[in-house]
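All remarks here apply to the structure that follows.
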Amino acid sequence: MLIRIVDNINLAEAYQYLQSPTSGAVNLFVGTVRNHSHGKEVVKLVFEAYEVMALKEMHKIAVAAQEKWILDKIVMIHAVGEKLPGEAVVITGASSVHRKAAFEACEFLIDELKKTVPIWKHEFFKDNSVWVNAHP
Amino acid sequence: MLIRIVDNINLAEAYQYLQSPTSGAVNLFVGTVRNHSHGKEVVKLVFEAYEVMALKEMHKIAVAAQEKWILDKIVMIHAVGEKLPGEAVVITGASSVHRKAAFEACEFLIDELKKTVPIWKHEFFKDNSVWVNAHP
Amino acid sequence: MELKLFGVAKDIIGSNKLSITAEDFATVGELKQWLSQQYPKLQQLRSVAVAVNSEYAEDNQSLQNAYEIALIPPVSGG
Amino acid sequence: MELKLFGVAKDIIGSNKLSITAEDFATVGELKQWLSQQYPKLQQLRSVAVAVNSEYAEDNQSLQNAYEIALIPPVSGG
């Protein structure tokens, strides 16, 4: 498994890692910065991670995916720092013999990442900023 | 929508097309050549397309996906010619505001492509070759 | 008129096209019937469809106005 | 010992770390209680977890053997 916190997401690197002659299917999810959120224009996002713990939690999720599906390879890469609208902030991916497992595992990886991995998104609008999800 | 029959799959081109500042989610499926099929070693695949009809059928599938989900962009790219184990033969992809639609649409695109698009896979083993799916 | 052939159908018939006279066949179904008599190995396929003007055609469809006809053996893209 | 602070917790407390004496708190729960009294705005958050040695910790977990403690406000990666 390729599990990393990076400054800049590299899709080609993720695909290169996942692709293998024993796999017939690769599924990749890329999360990107939207220019609107809650009806307001987003200027930028800034991501902050508790890196050592984030890597551990991502590793646990990847292991859980391997227990649920028969997978060749798994990728989880999250960016930190300032990201502008359109830019990639996260990649999850899985390769497998058949496509169903790759799709299901890739979706599981991003769903779980959002629940437990200690990374925080600071959303900047023109006139204010919020830590996403912080308040009920 | 980006719908093409090509000699060589280009993942970066597919992602560039899908990515947009109004989207928060991109899902990409890449089908690749496996080195084994039915327990035998695969030497190569050769894909043949009835190109004008294949493009029309892919277009219909993309339109059907747009009717089922709210999507930003759709990609369907299939390669023709000789492909070796590990090489990419098809990409489907979708971008959307939220990830659920991107995942579901991307899977729909590849599922439907396999059912109706007039493209044929000739599988070459060491000692023989078969047209995949031809016989019951 | 030319009948376009692909995949296993090309191998069975031994060419990538076949000259036919569309007027000899009232419908797609009649063309399919004639082909399966001429090339019995086509009957062993999982399915055989016909495309008229690069669209899937039903058996009862006429071949009048056909400017492009193709035989579509079971597809296996992806 | 240093309590690591992230995200909105860092903003509320006004620093990315806070010096604490782990021996003052028998459990994670006691530390959380003390923090929410010192920084009442923490109570407005959707949730506050504590990580001990970079693993999520239950409220009844001891802080003995803790070499790294962090406050984990609601995560929002992805």
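Per-chain residue numbering starts at 1, and chain names A, B, C and D are given in the order in which the chains are listed.
Note that in this section a contact is a pair of C-beta atoms (placed from the backbone, for glycine too) under 8 Å apart; a residue touches a chain by one contact, two chains touch by 3 or more.
Bear in mind the structure is a predicted one, so any value in this text is a computation, not a measurement.
> What chain lies farthest away from chain B once each centre is taken as the mean of the Cα atoms?
Chain centre farthest from chain B's centre: D.
> Can you work out the whole-Å distance between the CA centroids of chain A and chain C?
Centres of chain A and chain C (C-alpha means) sit 48 Å apart.
> Centroid of chain A to centroid of chain B, CA atoms only: how many Å?
23
> If a residue has to touch 2 or more other chains to count, which residues of chain B qualify?
Expected reply: 31, 110.
> Strictly by the criterion at the top, what is the full list of touching chain pairs?
A-B, A-D, B-C
> Taking the touch rule as given, give the residues of chain B at its contact with chain A in the complex, in rising order.
Residues in contact with chain A: 11-12, 15, 19-36, 85-86, 88, 97, 99, 102-103, 106-107, 110.
> Which residues of chain D touch chain A in their complex?
Those residues of chain D that touch chain A are 4, 6-8, 11, 44-46, 51, 54-56, 70, 72-78.
> Using the touch rule from the top, collect the residues of chain A that touch chain D in their complex.
Against chain D, chain A makes touches at 31, 47-50, 52-54, 56, 78, 89-90, 110, 113-122, 131-136.
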